[in-house]
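In what follows, structures are represented as structure tokens.
In the two assemblies presented below, chain A is common to both, partnered first by chain B and then by chain C.
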Partner chain A sequence: MNLWRDIKGTLQPFWITLGYLFKKPVTIQYPEEKRTPPPRYRARIVLTRNPDGTERCVACQLCSAACPVDCISMQAAEDDDGRRYASWFRINFARCIFCGLCAEACPTMAIQTTPDYEICNRDVLKLVQEKEDLLIDGCGKDTEYNYYEHSGIGVANERGGNEDEYGPVDPKALVP
Partner chain B sequence: MNDLLISLILILVKLGLIFGVVLSMAAYLVLAERKILGRMQMRYGPNRIGPGGMIQPLCDVIKLITKEDFVPARADKWIFLFAPGLTALTALLSFAVVPFSPPLTLFGREIPMVVCDLNIGLLYLFGLSSLAVYGVVLGGWASNSKYSLLGAMRGLAQMLSYELSLGLALVPVVMTAKSFSLTEIVMAQSTWPNMLQHPLAFIIFMVSITAESKRTPFDMPEAENEIVAGFHTEYSGMRFGLFFVGEYINLIVIGAMTTVFFLGGWNGPFLPPVVWFVGKVLFVAFLFIWARGSMPRPRYDQLLRFGWKVLIPLALLNVVITGAIRLAMNG
Partner chain C sequence: MFQFLRLEYKGLPYRWTQHDKRIVFYVFLRVSVPPWRIDLKMPKLTIDNLEVTVPDGTNVLEAARELDIVIPHFCYHEALGSVGSCRLCAMMFVDGPVKGLQMACMVQAQDGMVVSSTDPDAMELREHVIEWAMTNHPHDCPVCDEGGECQLQEMTVAGGHGVRRYRGKKCTFTNQDLGPFVQQEMNRCITCYRCVRTYRDYCGGTDYGVFGSRNRIQYGRFQDGALESPFSGNIIDACPTGVLTSKPFRFKTRLWDLQEGPSICPHCSLGCATIPGGRYREIQRVKAGINRETNGFFICDRGRFGYDHANHPERPRQARLDGQPVTVDAALLAAREQVAAIASKHGPDSVAFLGSPRSSFEASVLLHDWAKATGSLQLVYEAHQGRDRAARTLAARLGKQVRSQEELRQSDLVILFGADPLAEGPMLALAIRQAVRNGGKVVVIDPRPVALPCVAKHLPLPPERLSEVLMALGKNDLNAFEADERSLLESLVEQLKVAQRPVLIGGADLLGGQGVQALCSAAEQLSSEQRSVGVITMLAGPNSYGGALLSGHGPDFDSVLDAVQEGTVRALVCLESDPFREARDPARAQAALGHLELLVSFDSTANLAAQRADIFLPTRANAEMAGSYVNNEGRLQAFLPVIDPGVPIRETGAGNHPPREFFQTTPGSAPEADWLLLAGLLDRKLNLVELRESIERDHPQFAGLSSITAETTGVRLTARGDLPPAEEQELPHAATAEALTLMAITGQVGSRWLAHLSSPLAATEPQPYVLLHPELAAELNLATDERARLTTHFGHCHVIIRTDEKMLKGLVMVPQLWDTALEGMVPGGLLDCRLEKEVQR
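Our next item is the complex of A and B:
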């Protein structure tokens, strides 16, 4: 009967809410309790180093070009042996939207996102970070990868002398 | 002359006491409501300011006072400014007739524990709750906003129609006590509370008073998801705060009314009467908060149909049956 259904429908929610009243809330109390984000979480951006300790960044500007809000800027320079590096490297975290496109664009895996999400600052200029703030002493996500052992122009090895790299093609030869 | 002065001082002391207790209780009811609702939704509710969020009401008041007091363009300015006060005032005035303890004898003087023991206390309460409609209607109308007007219209219709069943539900109570005075109604319940004597009247009363005081699930006048905030959409700062505080004072008034009319007032074993009274009031307040956490809001026409077609006939029937039984028992 409808009346019985209505009375039941009126009283049942009271019982359910009473049950929830004594359950532990699922809220994470932020400053005291901190959530551990997943390892691939996109927060603070860092510049990583090769396994041998040298800088990975070759100042190719790809991250800067990929950045949708133009928060990355750098100046390219060259070593004595022709190895490129960034003479300065700047990320404006006040503009960064943490999309991770820079990390995807990077051919040398130099620029990477980390799960460190506590970046806020009351002084907005402190969010503009320079190379010395960004560079870390580690390899980040891939501890093996070294761009110049696989490719690159005659810096670490002669052209085509790297592991799993072919020698340069002779354009004048008839057969490939 | 001396006697008169003492009486006057006593009344002032009682007034101050009730004013302070009721206002601070209203402030903490807001906090309690937010916390209980939070727990029912598996959240904590406010717990940042002070231990367990105990200073939150104070901070809310400071925030409301320091906000801009905004009057919309082409609003009816004076009515707009006046309406929130009316809501809070009528809610506060209701407490004048609520007895919270049996008369106390101090220095050979009998002091009634009520500001003013009117012999028509019940009618006084009804008069004030009718006046409270004006706060809603004038506030909504003077705002010059469609949402406010809709809210005010709903509030008017809802409160007028539910006042009938509310009054009819209390007729059996008056029949039992043979008096309109709240003190005597409580005295009449010294053996057992009216809730057991008149269960149907109790249920009708609870439903009607929920609608009368615009509490969820019958908060159509301020239905957030349909008409923004109903009659107080355009209010800001402390004027909104007055509506808000009025609502929570009203919650305590409802608690007190339910306690006096149906739960036996201060009557109870072991504990002092005041503790029983306050405990019962808080329990009723919890019931209303609980209902807010549990019930969805019905449609507006459903609410009115339920009031006119179910509650009022039921209440009338209840009055007739109670009258017949009383007549048969006496005759």
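Our next item is the complex of A and C:
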């Protein structure tokens, strides 16, 4: 019965191919036609803002420490109210491998990956993006978190004014 | 045979019972160490199944560290000792003389101990203790400067505390403003007491302490204000978490981004170990390095915050030839050719070479070689005549009397003759304090109100009488002194007789060559076979001693200035020195140096020599190069580079992001190590290893140079220098009637060139002031903090009156303050002056 098997083996692939002629094609005609990646897709990196509109990034350097290709650099500075922020923040997308470790390391939810994957450019300097290019007007994936509300050193609220804190103690009081 | 056992009891011979004899024999057996068991002194114990033998007196925590077993701990610090308050270093003592769960830092290692650091009970206790310590700790590691080098982070992980269980409210505290150096964030405190033990106990500060009880403990000053101790920065290193962090370094860099390396402090002659850290082409901080022979574990604030001269915006970074920017090679070639041309035209002695106490030892040797190749004998290593002579006399005389800072810490009698450690070498004051804490006594004989962080007796004597005291002490003849002076000196003589480890300390500013000579002679005369009297002298810079070793019988700079004035010296090569402002008489130096045909300057700062040089070559700052210094006890110590020079990104980016363009080279990267420039000039294309080997070959007295490495305690050179040529006897200062006698001194802040260029320190520099005895101020009708007009032969300037009861009555003292009206007040010698109340208009 080997002959029957051979005939089947020869014709069946043609039949399958023929069947696809009448199905909807899976190929997308990029760039005319664009695909929507899933929300957690790791592409362009952005800096998000707190719900109150202030910058989330505190320039703690954890993203640049986590970055395996060293494409993030920044300088921290202090604002008048004691808030730590990035005086400049630079991501070199020519180097970035979109691994998402920076977003994973970020303790303030500031740095987030977005599904915007169209970053390619012939001019390398355009891939070196500064803070003003990276900062977006929005909270990104977490719409509630404000780091300084929880930090416990009195920047967003008065010292000892957060929910989980007592007011500042008076060390000179005589009460036992 | 047993005569010694005959005792008397109530006048009758005591009869030893059999029982008594048995007890004596038993005690004898227990206390005596038979010679074959002498090694009992080195207890052998077992920690985590590993055997270790440690010196007697070591605690178990240290013994475990010998085995690379790190037991979590906060309150223990090698220099501060153990207090057993943090309860974190718990270990289970399974077998041996001590048993049960004990704090490892509080138990001395004993023979036969079996200790476990992994015992479940010990681990559980440690986990709970760290959990308690973390109860009130805020959730702010991302914005804390300690992050990355936080002992609390490390110990939390090591202690096994991962998830917070406490859901209650946390305590909070109010922060204090502790001045320009230290930033406080009290909420992070875990009450380990290390800052107070460092600040009060070790450094002798009095204005910082602890308040409150239980969970209200607050560390700080009674009121807001700058910390007064000149060692305040050490609490930054001591704090295991982010309560006390450096203000100038605030939010600059994380530890993991910082380029660090072992270095030697360039600010005074003591040669303390430091660890500078740099990033983005600027030096951003300095931490104390560890050298048990010199600084121990701490450094002074001048060393800690004096790094910024390397980042100074006006630092010259470009080689210049007749005012035009050229390449380093072109400038080197021009320097060599023009110096050779003048030497061949006017004779070799028409070129003078001026080294510096702050250039590396290798460069100093190469300058010596250049002078030798030129044939010139005009080689000086210090523009200030008195300091130069002091260094050269010390290098010639210091033999067995040499003492290190560690030996000073063990001293039982310290006598300061014309030495003001807080101005001339602050860490020496800290070493003196440790001597006092170990039971030593301190006597100060000085016209200045020498402030020390410890109790000291003070005898104010005019500067010219210091040598007299030294000679009198050496000969033990005090008849020349008045009664009140004699009483203190007589008690001093008595103390000197019984002291086992006395040390005499001098300062180059006040003693000069003759004073150092007298100091060394006195020490020799006072030494006996049983004990030797030590000598420590504070010199001008980190390599003063190295320069003095190379000076030979050369002239001092004042005679070079005479030769320039006469026209016999026509060219001057300055290696990292500024003869215009560092000479003892700057006005005379500026007048004389105007006659020069050629001025060559190698420097890393924008001093006058660098600005006026015909040929200028930029050198690297101390933290940017490898090299070595010889400190004031002849200790040769190596240092390594931390960063490469370049205009800081803070500057190129003007505070914003770095420029968005590509450069072939780093801007401002032309400066090279001073020794590399000189080696290139002398056609010795060598690296540092080869250079050190060739120096050893050419100068056998510097044996050991090629074997030194950074991060070691260094090598004490046995080479001796030569005494400087005899000094012209200066007439004692004859005070004219009505005029006051003015003495220029080195101030604690503002008198050192490199420190002055450092912005964190410059912010603490005082307004020009004069220092008076309150009685003299009252005679002149002047009050403290009042403005007055000081007139000298330099002209007049406005000063603020300060008074101090400890100083000599008849003198008016002014600190040399760079870039103020008091810039020309170079210490050494006395002047006439007038002081009047400022008339309000």
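Methods note: the second predicted complex is superposed on the first by the 156 of 176 C-alpha atoms of A that agree within 3 Å, B and C clash if a C-alpha of one lies under 4 Å from a C-alpha of the other, contacts with A are read in each partner's own complex, and residues count from 1 in each chain.
We take it that contacts are C-beta pairs under 8 Å (C-beta built on N, C-alpha and C of every residue); 3 or more make two chains touch, one makes a residue touch a chain.
No experiment lies behind these values; they were computed from the predicted model shown.
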| item | value |
| --- | --- |
| More chain A residues in contact [chain B versus chain C] | C |
| Touched partner set for A:Gly167, first chain B, second chain C, both or neither | second |
| Chain B versus chain C as contact partner of A:Glu33, first or second or both or neither | neither |
| Touched partner set for A:Glu118, first chain B, second chain C, both or neither | neither |
| Which superposed partner A:Gln61 touches (first chain B, second chain C, both, neither) | second |
| Touching partner for A:Lys131 - first (chain B), second (chain C), both, neither | second |
| Partner chain(s) touched by A:Thr108 [first = chain B, second = chain C, both, neither] | second |
| First, second, both or neither for A:Asp81, with chain B first and chain C second | neither |
| Residue ranges of chain B in contact with chain A within the complex | 36, 38-44, 290-291, 293-295 |
| Touching residues on chain C, where the partner in the complex is chain A | 138-143, 147-148, 168-175, 185, 187-188, 211-213, 215-218, 250-254, 256-257, 280, 649-650, 653, 655-658, 660 |
| In the complex with chain C, residue positions of chain A that touch it | 58-62, 64-65, 75-78, 84, 87-90, 107-108, 125, 128, 130-131, 147, 150-154, 159-160, 164-173, 176 |
| Interface residues, chain A side, partner chain B - complex | 10, 13-14, 16-18, 20-21, 23-27, 29 |
